[in-house]
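Working notes for the structure below.
Labels run A, B and C following the written order; every chain starts at residue 1.
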Amino acid sequence: MKNPFFNNYGPILIGNILNILNIKNYNLNVNDEIYDIKDLYTSGKSDITFFHSKKYKESAKLTKASFCITTESLKNELPKSCIPLVVQNVLVCVSKITSMFYPDAINDDFDDSIIDISETDFKDKVICGKNVLIGKNVLIGTNCKIGHNTIIEKNVSIGDNCSIGSNTIIRNSLISNNVKVLDNCVIGKHGFGFFPNKNKNLRYPHIGIVIIEENCEIGCGSTIDRGSMSNTVIGKNTYLDNQIHIAHNVKIGENSIIAGQVGIAGSSIIGSNVKIGGQAGISGHIKVGNNVEIGGGSGVIRNIPDNTKVMGYPAKNIREFLRDNK
Amino acid sequence: MKNPFFNNYGPILIGNILNILNIKNYNLNVNDEIYDIKDLYTSGKSDITFFHSKKYKESAKLTKASFCITTESLKNELPKSCIPLVVQNVLVCVSKITSMFYPDAINDDFDDSIIDISETDFKDKVICGKNVLIGKNVLIGTNCKIGHNTIIEKNVSIGDNCSIGSNTIIRNSLISNNVKVLDNCVIGKHGFGFFPNKNKNLRYPHIGIVIIEENCEIGCGSTIDRGSMSNTVIGKNTYLDNQIHIAHNVKIGENSIIAGQVGIAGSSIIGSNVKIGGQAGISGHIKVGNNVEIGGGSGVIRNIPDNTKVMGYPAKNIREFLRDNK
Amino acid sequence: MKNPFFNNYGPILIGNILNILNIKNYNLNVNDEIYDIKDLYTSGKSDITFFHSKKYKESAKLTKASFCITTESLKNELPKSCIPLVVQNVLVCVSKITSMFYPDAINDDFDDSIIDISETDFKDKVICGKNVLIGKNVLIGTNCKIGHNTIIEKNVSIGDNCSIGSNTIIRNSLISNNVKVLDNCVIGKHGFGFFPNKNKNLRYPHIGIVIIEENCEIGCGSTIDRGSMSNTVIGKNTYLDNQIHIAHNVKIGENSIIAGQVGIAGSSIIGSNVKIGGQAGISGHIKVGNNVEIGGGSGVIRNIPDNTKVMGYPAKNIREFLRDNK
């Protein structure tokens, strides 16, 4: 899939990539053009990919990419058609190369492309408050309302019959029909992703977006960060209460109900028909199944299978929790 | 009590109510006028009420309402003067009928009745920042300050000597004298109340308001939702720190102190002289007595009697908690 | 150190101070001038100090202040050069006297000294959004960006290459070079500090500031309160995620990483190279060492030594936590 929002500055010569990675004496044509950086599975002949963990050995063997950033110990898993570029820290190097292709996805300074909605064609189409600002590359459907002081920054698509509150900021997001986003939210900013580095951390690009499917409601003061390499997704008819934080790459299914002050850390996947009580927290890279109920205040640090009710910190079966805490 | 803010669209003909409830073949005068929907206890001869749980049997026997939405198994508890309207799901039907009487209380789109304070009579009376917006039906007392970009939406009464911060949004609220509301708050929006329904949840009306009594302080980034059928109340001289969430119908007593990031779920009742430590959470429909201390991070899932100190998740006696966690 | 931001209204005659403290019949020159109120250690001959706990006996013996607010039982620890002013509640009296010297530090009403940035010299220097407001006594370095609707209230210094988001409010803060503050933050407001008092709490002044050192990043919707008697400090290259609350007087070291929705209560001191997982809470007056890792959801209620990993509520050694919660 072509990235809908972030401009790809490729093709980039492989020679320039080698320079950035500080790799020398490679016996290859430095003028080969590379068009994109993708994961092992989706990359094609004109892309560069990366391989940093044994976990991905099977995908590595089948990759179609012509170049792969990897380590000395993993390089022999790659097919002959893929030239390994051996580095010390794969992820830091991936960050550097992704930054070459998508330099606009690293920093989230305020959008200075913005103009007042009264100076745009939306002024006759959208029912809007005072001081509404609209960035470049924004689409808004029919019968939408946008509240006072709200900023629709660049790269936003809003469907029909949506209601956006006041003092809210949205960028890099696809919002479907009949969605409500209440006041004081920030949606689509980059996530909390960087490589720790003494004196100056190294931020990596966030080329994912936020997708909010139809009939969702997002409560006041919530923050939903866009994804780094994948998207952050809120499924159809899922309702979020106030002051919720959804980190980058999280995916939430349909018809779920998430109460106030819940936090979901990066890359976790939540099923459909899930209920999460207030102030519960879900660790990163967790999988929560369908039809799960998570009690208020719980801390989920392990995967939760379908059709279970859990509570506690760490969360366990709710009957067990109540029995242990009579 | 007449609702101070939400317009009652009654009287409504009982025939129209039966249509909405999909009830047929009732032997009654479809032109009878119904003036309001109220609970079993407060409703009078011209009102419709509802009865959905055995818990309320005693009130049901004494209700003065002429009509009652109820179930097959409960209908015989009603007095003869009250005609039962039998349905499958009482609360969903109550929501539908309440929506007929109070259609303005369902959705909280931004207030488009708003104008800049400089175009109102408040401009000479209120000390205010830039870009302050004022909705319909707003009262503001003497010696008040309102910060930049703050929106006082419709149906707000502010007493004397109040200080409202910047970037704050208030609607459907009664604020007494000497109250401070700091920056970035949202006060008086509808609560997180709806009937879960596949593909499209069914929001019910919130006809309650937020009442903040005198001398209170509300910290930055806090959200206080208005009530559904009753009000959300913050008692006299109660102080809330930053990033607190108070859900619909919550009542907090006087002289209480609530530290940062606390969340109180719907319909809980907190006493006076209560201290709640940072990040503590109180489940819904809980009763916390007077002079209670709740340690930081606690999760309160059961009622707490007067004059006790609790801590833990679930919260228990603090001495027990400290002994168990040496 | 002279307070950089809060105007000292001294000197104040000792006679006026005695009046406020309701102290009579003292045999001293009521026309003596007092220049400041400071702690036992830093005060000089022309200052008044305070001594309220045996803990500070050693400092009390060596104080150079000419006057000291203290109690009957502690007064004999003071040197002969220091005249004890005996009161019932030392801290309440300190609050009253501090309020005489620094009346501007008690209330945080919105800054009405503010003007639109387009009316200031910054308009040619700062890349800024719509509706940016600037208070008195503000400095901004080169190459800075400030987003829409953001309010830089009085007493703020921003270094070079900083990026401030939209809808953010900053006051009483020193922000170093290369700092990013994202959207919807409130930085530099007074902390949650007051003496509980029936019917009307007594707020004490906050004469500290917020210091954010170079290369830091502060996530969306975060609140950082300024100090009461000392400063609130975020060390170099420390990154805060979204919806974090940092209370007054907290000090965080360098190169630390703090995930979403964490709360740190007043006066706690966090070391360098510390990692804190999402939703963790740190009680007040806690000391967390260097190179500490605190698991998500933890509640830290005791000091944590250097080089340890903790998790749980209350937080304990992480191996112990995982073993106890298999």
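Basically, a contact is a pair of C-beta atoms (placed from the backbone, for glycine too) under 8 Å apart; a residue touches a chain by one contact, two chains touch by 3 or more.
The shown structure was predicted, so the numbers you read here are calculated from the model rather than taken from an experiment.
Relative orientation of chain A and chain B, expressed as the C-alpha superposition rotation angle, is 120° to the nearest 5. By the residue-number overlap criterion, the interface of chain B with chain C counts as different, with under half of its numbers used by both chains.
Measuring from the averaged C-alpha position of chain B to that of chain C gives a distance of 35 Å.
Counting partner chains per residue, chain C shows two or more touched chains at residues 131, 149, 167, 184, 221, 243, 261, 279, 313. If you check the complex, the residues on chain B that touch chain A are 107-110, 112, 114, 116, 131, 133, 149, 151, 167, 169, 184, 186, 189, 192, 194, 196, 198-201, 221, 223, 225, 243, 245, 247, 261, 263, 265, 279, 281, 283, 299, 301, 313-314. Chain B meets chain C in the complex at residues 127, 129-131, 145-149, 163-167, 178, 180, 182-184, 215, 217, 219-221, 236-237, 239, 241-243, 255, 257, 259-261, 277-279, 296-297, 312-313, 325.
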